[in-house]
Amino acid sequence: MAYSEKVMDHFEHPRNVGEIENPSGVGTVGNAKCGDIMRIYLDIDDNQVIQDVKFKTFGCGAAVATSSMATELVKGKTVEEALGVTNKAVMEALDGLPPVKVHCSLLAEEAIHAALWDYAEKHNLKIEGLEKPKSDIHEDEEEEEEEY
Amino acid sequence: MAYSEKVMDHFEHPRNVGEIENPSGVGTVGNAKCGDIMRIYLDIDDNQVIQDVKFKTFGCGAAVATSSMATELVKGKTVEEALGVTNKAVMEALDGLPPVKVHCSLLAEEAIHAALWDYAEKHNLKIEGLEKPKSDIHEDEEEEEEEY
Amino acid sequence: MGKFIYLDNAATTKTDPKVVEAMLPYFTENYGNPSSVYSFAAANKEVESEQREIIAKSLGAKTNEIYFTAGGSESDNWALKATVEAYADKGNHIITTKIEHHAILHTAQYLESKGIQVTYLDVDENGLVDPEAVRAAIRPETILISVMFANNEIGTIEPIKEIGAIAKENGILFHTDAVQAYMHVPIDVEELHIDMLSASAHKFNGPKGIGFLYIRKGVKIRSFIHGGAQERKRRAGTENVPGIVGMGTAAKLAYATLDERAKYESELRDYLIDRVLKEIPYTRLNGDRVKRLPNNANFSFRFIEGESLLIMLDMKGICTSSGSACTSGSLDPSHVLLAIGLPHEIAHGSLRVSLSEETTKEDIDYLVDELKKIVARIREMSPLYED
Amino acid sequence: MGKFIYLDNAATTKTDPKVVEAMLPYFTENYGNPSSVYSFAAANKEVESEQREIIAKSLGAKTNEIYFTAGGSESDNWALKATVEAYADKGNHIITTKIEHHAILHTAQYLESKGIQVTYLDVDENGLVDPEAVRAAIRPETILISVMFANNEIGTIEPIKEIGAIAKENGILFHTDAVQAYMHVPIDVEELHIDMLSASAHKFNGPKGIGFLYIRKGVKIRSFIHGGAQERKRRAGTENVPGIVGMGTAAKLAYATLDERAKYESELRDYLIDRVLKEIPYTRLNGDRVKRLPNNANFSFRFIEGESLLIMLDMKGICTSSGSACTSGSLDPSHVLLAIGLPHEIAHGSLRVSLSEETTKEDIDYLVDELKKIVARIREMSPLYED
């Protein structure tokens, strides 16, 4: 596992672990392939600014680090801005992930989307560009050499 | 090649190399498998005692050593006794040969038989137990594992 | 670098410095090709057969029944692929189990793609194969039974003797992948009716890249690697003399200490198991409690994902491994843990600890103390865990 | 022990002490299994890919086109057996030559027994394959052409570029056994249109038991050794890290000196050839005078049997080998010498001298002086020689 220093740092000292009581939105997603699960809690104020965010993750080192980084990236952002925090952005902020671990960062993106969806539903809002989250993420593997 | 010391000694200092002019008998045999050739010259007196013996060999180390040892073994013996110098006896006298080299010792036995046959023919003798030599020796290989 | 405790001896072992010392002359001094005529190299042929003899003796086998390979995977591939061809006129069915190493499983799957019928036997919750299930799976066209000696993940030792007897009774070849067992438990190929056996040197303090296949005399088997006349024409390739000397030396050293080592390691293993099961809640031991490798312990911690656990242990200087293959390209949980009936998310949180004779009680105490803290911390982070 | 002159570098080479030094830490210090999660072992994964890079660069290939194997024989077996399966729907015909190493020839014969059609091309009296003969042998169902880069007995270097171009033109895979050529002559897989290439570390001062197969990206090929996910799932087995480091280090050292070494060795080789042909009667040089490996000379002495010659040279402290396989189990004369048209008894009396960069002019002089005496002595003993 060639994890970057940033990944290791976020893994060792994950930011924003925990729960929020009475959150504005909460999202839980799982990856069907590896069986890992991530849950994100959002506290959003009336100006649609994310005031607080927490996460819980049952997953590999990359899953923990991406959760941690994702929460940092969305904190203080507006809902609209938070939608722009893609898995690519998270990975870049972590100085990259090994190829087999790219799917883990999707978990973070999807968990945030799911929490935002939950927030939108609860508050009867329509957020431009946000789709109903799937509960399970499926992703195409890296292109592989044909095998025999 | 795990040749015994005796083999190496006879190889390094082969006894009785050479030819005999006007020999009582001469025999040449070859091994069809490895292509090696051995020639033995005998000088036999009127009492059927082998007075002198010489050899020439185109062959491997074992072929040279067995030729050399075989000539030593038959020298001074009667024709009848010489018939008893089998390839087994030659090998024993050499402290054995590696399994793949057993066939080389047959060359020596057959060359002596061929020379004795030549002697018998020239002198119109019938030697008990001596058969007409084949010019080429074929021998079954060591038993081998079945291969696939 | 602080603490360093290596507890992944099932993955590979440290090459014994005595083994390296024995190998060294064969790199730069006696480097000759053993097939050569001159005495400089021919001596290596004898060195080689000395190693073969050491290994043969350790198994109750004959010297000419030991064939050197490049490791356990090659031995396994050879045993399966080549017998299937050699016995094609007898039948096209082989029997193996669901918990074999991938070197057997993927080979069997490959053979299936070539039209071979394969029965993958179930195991019980401790990973044990039932000999009667082996018997029941036999068909007239069965040509080979391959059951591993001991499992590499959960350490369960299979009833090899019983299976061997059934194979023999039915005139069917019996192969065992003994990569984890050889030099960790005593093995006698006669007593256990084993026809073929795979082993790999780096699992018993020998070097990597060398192993052997024991092939009982009389077993028909084609070459797997065709070419030169090495290994009695059954395995081509310039002999890896330093590797062979390394494996022989390792076998000699390991054989001499086998009983003593097994006793020491199994006591330490039991101490570890007892502490973990007592001190960490929601934990189970995987594999049979008694019929298990002396140096193997395997736990599942609920609500825990394996890789995180490994990395945190690594940060504390402890090397272990997980049943989860998450990290090695595939993301599926271990086929072995699934075969013993663990649900996916529990199979994910498993930890294999494999000891060596160098492991101390202090090491185990340090491991358990750290493990307690780490497990608590990860559970804290887990959305599955509601305390 | 008196004189010792090693002139059998085509059989195997001395492992460079620098290579051994580079390997040593990976036995007893960094012994971790590269597939493991913890940092202790994961570092080995990087070391491995550094070696892969060194080798890729030396061939003009990409890093992920280099697959480690246990040596030249495995590489050859893999290349042939696996492509034949992967391309079965395209055809069942392969083209090779009569002078290949047994690792190719016996594999091809094995494939014939499985229903594959094999064309074994003739060579001319210097051992050269005619590219036009390759072209003529191509059929619609041809899936693979395998022609060795340089012959291991007579040293002839084949017209690889021309053959590669023909293969490419016809959309047929091209494999070359470069075990004797790699690191002795420059090779660029792009320029020469090579799709697969076999090499073995112990032929260029690396350790025994490790080699590689270059596989161009896009070539379909199944695993030869099935099992774990190593080598991008194409070659299972715990990686032989010391071996890989040894091969990489040897490649790095050899690549840096390639041109200089080739120049030095070929000058010495030419000096040897000139002296032998001039000073020993009834002698011929086997193999092409110009298109030949820098370190190879191969002679036939009429009326002389090979083994006797080798043993006598051995007694003088000189290690060489013979074209005759008399000693390695088979008694047939070399298939290569027969293929270039030598009659049996002449093929029997051949001598291969293969130099290294450590060989000196004094060594060559000593060899020739002794050779003259020995050849005379054996001829004296030969019933075929009438002076």
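Note that the chains are named A, B, C and D in the order they appear, and that numbering of residues resets to 1 at the start of each chain.
Heads up, the rule we're going with is that contacts are C-beta pairs under 8 Å (C-beta built on N, C-alpha and C of every residue); 3 or more make two chains touch, one makes a residue touch a chain.
Since the model is a prediction, treat every value here as computed from it, not as a measurement.
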{"item": "Most distant chain from chain C, judged by the mean position of its C-alpha atoms", "value": "B"}
{"item": "Inter-centroid spacing, chain D versus chain B (mean Cα positions, whole Å)", "value": "39"}
{"item": "Whole-Å gap between the CA centroids of chain A and chain D", "value": "54"}
{"item": "Whole-Å gap separating chain A and chain B, where each centre is the average of the chain's CA atoms", "value": "88"}
{"item": "Residues within chain B bordering two or more other chains", "value": "1"}
{"item": "Two or more partner chains touched - positions in chain C", "value": "37, 222-223, 233, 307, 311, 327, 329"}
{"item": "Overall pattern in which the protein chains touch one another (line/ring/star/complete/other)", "value": "other"}
{"item": "Chain-to-chain touches, reported pairwise for every pair that qualifies", "value": "A-C, A-D, B-C, B-D, C-D"}
{"item": "Parts of chain C lying in touch with chain D, wherever the complex brings them together", "value": "4, 6, 8, 11-17, 19-20, 24, 27-28, 31-33, 35-41, 69-74, 76-77, 101-104, 106-107, 109-110, 200, 202, 207-210, 222-229, 233, 236-243, 307, 310-311, 313-314, 318-322, 325, 327-330"}
{"item": "Partner chain D, residues of chain B touching it in the complex", "value": "1, 3, 8, 11-12, 14, 17, 28, 33-39, 56-61, 63-64, 100, 103"}
{"item": "Residues of chain A that touch chain D when the two form their complex", "value": "1-2, 144-148"}
{"item": "Complex interface listing, chain D residues touching chain B", "value": "303-308, 311, 315, 326-327, 329, 331-333, 344-345, 348, 380-384"}
{"item": "Of all residues in chain D, those that touch chain A in their complex", "value": "37, 42, 45-46, 82, 85-86, 217, 220-223, 232-234"}
